[in-house]
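Chain lettering (A, B, C and D) follows the sequence in which the chains are written, and residue indices restart at 1 in each chain.
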Amino acid sequence: MSELDLAGRVELLERMWLIRAFEEKVSELFARGQVVGLIHLGIGSEGSAVGVCSALRSDDYVFGNHRSHAHAIAKGADVDRLMAEIAGKASGYCKGKGGSMHIAAPEVGFVTATGVVGGNVALALGAALTSVTTQDNRVSVAFFGDGAGQSGSLHESLNLAALWKLPVVFVCENNGYAEFSPLSAHTVVERLTDYASVYSIPTVTVDGGDVMEVRRAAVSAVARARAGEGPMFIEVLTHRLRGHYEGDPAAYRELSEREEWTVRDPVARFRAELEGAGVAADTIAATEAAARSRIASAAESAVAAPGPDPEEATTDVYAV
Amino acid sequence: MTAELRFIDAIHAGLQASLAADDAVVVIGEDVTYGGPFGATKGLADEFGRHRVRDTPISEATVMGMVTGAALTGLRPVVEVMFVDFITLAMDQLVNHAAKLHFMSGGQLRVPLTVRVQGGVRGRFGAHHSQSLESWFTHTPGLKVVAPAFPGDAKPLLAAAIANDNPVVYLEHRGLYWDKGPLHDDPVDGAVVRRPGTDVTVVSYSKMVHSALAAADRLADSGVEAEVIDLRWLAPLDTATVLESVAKTGRAVVAHEAVARGGLGAELAATIQREVFTELVAPVERVGAAFAPVAAAAALEDAFLPGVDEIERAAGSLMAFGPPPP
Amino acid sequence: MTPDLPEDQLVDLLRRMLVIRRFEESLIKLAGDFDIGHFHVYIGQESTGVPALAQLQEGDLAFTTHRNHGHLLARGTDPAAMVAEILGKATGTNNGKGGTLHIASPEHGFPTTSAVTGGCTPLATGAAFAFSRRKVDRVSVCLFGDGALEEGSYHESINIAALEALPVIYLCENNSLEALGQKANEYPSSTMAAAPLTDLAASFKVPTITVDGTDTGAVHGAMAEAIDRARSGGGPTFVEALTVRWPGNRPLWPQLATGVTDLTYAWDEGAIPQDHSKWHGAQDGVLRYTRELVTAGLVTTGDVLALDGEVSTQIEDAVQFALDSPYPDPESAFEGVYA
Amino acid sequence: MEDTREMLYAEALVGALRHQLATDDRVHIMGLYFLGLTPHRQMVAELRDEYLDRFYYPPIAELGYVGTAIGAAMAGLRPIVDIATASFMFEAFPQIINEAANTYYMSGGRTAVPMIFHFNHGVRGGGAAQHSHSPQAMLWNTPGLEIMAPSTPRDVKGLVKTAAASDNPTAWVDHVRLFDTSGPVPDDEDFAIPFGVADIKRAGSDVTLFASSWLVQRALEAAELLEQQGIDAEVVDPRTLSPLDEEAIIESVAKTGRLVVVDECHRRCGVGAEIMAVVTENAFGDLRAAPIRVTTADVPVPFSPPLEEHIEPTTDKIVAAALEVTGH
């Protein structure tokens, strides 16, 4: 996959705005009580989600975690159905049964998300196994955070993926915090890529504030995987600009740290970069405006949509 | 005259047939290319290739997740967990993922996965290799559970499990592996009456069915006709067959090798009481293991394991309640 | 090489190794006569377990796996009570409730044996956590085979140990280099993409040492270093000892594949039979250590044979004790579920 | 009459932890989510600041840190380990089930595992399928574990005291919806509630409502509503499931002849099933109507509020079941 032309990069910015607008809207709806439950927002990680997913084919697989609205949108999920799901409506992707942590949009390759830290990594291995077995040449991606790095199942998965040369890309979004504490409280390891290197899995650490850098790493990882050369591990240094979940005051974070990251905001940075590259200010402003209006309408229809019929609660337990 | 097959060979034949019939079927587990500890998968790697019969590291958690992911995306994996006790290591993937993904996704996803596990008390293996954990699986919505008692059922039940679009836990009792029996082509949906009777219903599954039948023979000698039901499927549970029988006999014993506390016996006792309360002439009796881990010593293992005597005693105690109301 | 220890302690190490060797050989013979179930023998690893564990002090704890007999004996657990346990007798270490897979001997520093691969790694880490929190000068040793590294529990445990600088030693007995008598494709031993295995500790910034597990002196030295680090607050160490797996792993290879050990092979090369000459000549750590002691003049061949005679008698008595012991009262199966 | 003070469940819980830390230096606490993500969790943070060297905040590695706590219990500590959301216990199952529960028995009584596992269970509003588990049913068919499920501030204080003194591993099943409830708590520092002793939370003569944990509160609410219809309900709270006070349940049913079992576990093979079985085995002759279970339905917990409510054992459903079983 070649380097994107300017128009292609503007499309990436549009996608990043769509995520940013979506997440800000969810936060707003949560504050108003129109969305309930455990909501984890990905504001600040748009560069990672969009950078990685832009390197994928539409039939490649993505497996998300508890903080995966961004990944789903980046993979092409419909924002109306996504918003409706988070609002618990019948028109949502999962008919209101999954909610924010359990999004599934399989028709765009976003197979599923999970609320169990590290729980999706093995699932991604399985999709890669399917690809190897059926030789359909697809690639699987697992997004997980630095907190999942210390879960044993990640280590089991790295070993297995390396042994079997599975076409899987491990994307570790290292936002520096596992739930409410810094990574240093979870492990003495500083570069999470060390976990993968021991299994001879190639690794790279990239700046999540730079969507194009993320994309380049993903393009090379995906090419490797598709060529049958096995897994790769990408550590994306990123940040969440909100707390662990909506309602978390994030008192554990230093103010200066937040300010620094606001400056390194991937959306603002990419916008400035494109301006520098000569994209007209109007065009850029239009990307944000279009995204915000698209999301406003998604939110409006999600809030207005009817809740599911209670009787639906007992369907879909078994496939028939 | 149909061929007599050992239970373990029936499973082997079932795997072989499914691998041959459907390219999406893959067999995955520790040492499966070698044949596993009991030979269920012996030779399958040579016959179908190592891309369809794969050995894994000793990483139960990830292997269970991986086969779930493979099932989500088009394969029909049959994963072997060497001892049911080791499923403790894979519980998060089995319960939080495989069992729930169809529901959580609002029906968008399917997990056509078969989990073969062997367990039960046999061989003085001690508490880490002898547990009966089926009520965990029956307690988990989204999982189906099957527990064959006869070699003849083993193959068609395995085929049914593999063909099912849901995760199915296929429980094998290693104490049955060397039993021989004829093959049959009878349908394997739901429970089956193994021995008709009029006085008391004995409900069981897996290896305990054999104890139930032996107990029924003894009861017959003292003029008590026991009807023996082999559940075969523990989830979904064929309560209709059970209730029909108990409505007729008015008495029920539920027998299994798992501890009584919180076991399937409790579920059946609750259901029977609720549904045919007025027909019951006696309380539902449970025969299950004592509330203790499984000890390794032969003498203690034998004491732990309920069997023919306990079933006979339980049925006998129900007969003391007199005849059913007219 | 021999460990840097006084002579009486060097001979004591040999005694402990012989106890293990004769114990395991007796079990295999016993299994020919009785159905005593499934067990895993430690033959071929005595030169790892004995020098590693004999230097632990009272109060130090060790957590072991299904291949546990050698570890328990190395720290002095009574072989009679162990055979009795393996035979399911009331006089067994666990009164028949554990069997070979779960032998416990708290007074010898073995609270339990976990027979689930990777089961003991968190437990050993936890004991070290307790020592650290109780501020006592104790260490914990986690004993496991290379297969346990495939389990996530290992990674979670060593991460915590590194984070908290816990006094724990992870002693990995990598016995999958070669397994005598194993056929091609039979039980593929190691399914691990990492090599060397010590990388799996180094990535957590834990110091590692790799030793030849048949070299008693090298194992002793490595463990001494690791124990010293743990006691002085330096945190965990990962020791990998390389050994050959001997083929008496019931029920898979239920035979005395290389025969009953003949100690004269240690000094009489001509006596070594053609079959398994590599084993007797180089791979058997007990013969190697005996050879080293004799060559260094620390013991005479007569001393060795006399010691072996004593040990063999002790094991014969242990087996007899176990055979003569009563089975437990069946009712006791229902007791002792709760403390 | 004992001296008591009115307090929140959350306060009583933290007070019980504080008492254990103060009186037994073997007690160490792993994890901080005893009060979930509620604002009350600040109290746990304060307790940690008081006892900094007695707390350990673990990585998200349930298998590793829960096993570490179990090993520590074998080596002289009395850890209280918080697994937070009960759904995550499955990661730690190999250690809880195979090691903690079995070791005392397997070792022939030579190695005890004196510790507490704390879980927040149940439907809590929007937790969906992976954050709403009620683990009691799976845990209680594991011999060797003790299980306590307090329902009031008083009970949490008394039960924690007993669990901490026990040489067995105890699963402490808690419910986030209890934290804001309040009630009288004895001042007596040595106040303890023995395990295996049920509490009649409300005496009555017409129907027995069996409930534990948070659902005791709903059963009491239902009893009030039933009283308005002239039905006198007795609410039996077992307080501990393992050991289980079978006598108390049987006695109550002997008196009322009618039983509604309320249980937040899934129905099939849930706690409710076992209680029904115990009653039929021991009080069959006393039953005047078929007992009814009111449980969480046999479906994963759905996210959307109307779906969630539909599958929960609500007060209305308890009332309806009591009316049915009493023939109204």
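Throughout what follows, a residue touches a chain if its C-beta (ideal position, glycine included) is under 8 Å from a C-beta of that chain, and two chains touch if they have at least 3 such contacts.
What you are looking at is a predicted structure, and each value in this text was computed from that prediction instead of being measured.
**Student:** Out of B-C and A-B, which chain pair has the most contact pairs?
**Tutor:** Result of the comparison of B-C and A-B: A-B.
**Student:** Which chain's centre, taken as the mean of its Cα atoms, is farthest from the centre of chain C?
**Tutor:** Looking at centroid distances, A is the chain farthest away.
**Student:** If you average the CA atoms of chain A and of chain D, how far apart do the two points sit, in angstrom?
**Tutor:** 37
**Student:** If you average the CA atoms of chain A and of chain B, how far apart do the two points sit, in angstrom?
**Tutor:** 40
**Student:** Using mean CA coordinates as chain centres, what's the chain B-chain D distance in Å?
**Tutor:** Going by mean C-alpha positions, chain B sits 30 Å from chain D.
**Student:** Going by the contact rule already set, what residues in chain C reach two or more other chains?
**Tutor:** 92, 94-98, 102, 114, 116, 118-119, 150-153, 155-156, 159, 163, 191-192, 337
**Student:** Could you list which residues of chain D touch at least two other chains?
**Tutor:** Answer for chain D, listing residues that touch two or more other chains: 59, 61, 63-64, 87-88, 91, 94, 98, 102, 105-106, 128-130, 143-144, 297-300, 302.
**Student:** Would you pick out the residues of chain B that each touch at least 2 other chains?
**Tutor:** In chain B, 56-57, 59, 61-62, 85, 88-89, 92, 96, 103-104, 126-128, 141-142, 291-293, 295 touch at least two other chains.
**Student:** Among line, ring, star, complete and other, which one matches the pattern of chain touches?
**Tutor:** Contact pattern: complete, every chain touching every other.
**Student:** Quick one: in the complex, what on chain C touches chain B?
**Tutor:** By the definition above, chain C touches chain B via 36-38, 85, 88-89, 92, 94-102, 114-119, 147-148, 150-152, 185-188, 191-192, 327-335, 337.
**Student:** Can you check the complex and tell me which residues of chain D touch chain B?
**Tutor:** Residues 87-88, 90-91, 93-94, 97-98, 101-102, 105-106, 128-130, 137-138, 140-141, 143-144, 242, 265-266, 268-274, 276-277, 280-282, 284, 287, 289-293, 297-300, 302 of chain D touch chain B in their complex.
**Student:** Sort out for me which residues of chain D touch chain C in the complex.
**Tutor:** 26, 28, 53-54, 56, 58-59, 61, 63-77, 94-95, 98-99, 102-112, 114, 143-144, 146, 166-168
**Student:** Can you tell me which positions in chain B touch chain A when the two form their complex?
**Tutor:** Against chain A, the touching part of chain B is residues 23-24, 26, 51-52, 54, 56-57, 59, 61-75, 77, 92-93, 96-97, 101-112, 141-142, 144, 165-166.
**Student:** Which positions of chain A touch chain B when the two form their complex?
**Tutor:** These residues of chain A touch chain B: 61, 63, 92-98, 102, 104-106, 111-112, 114-116, 119, 121-134, 140, 152-153, 156-157, 159-160, 163-164, 315-320.
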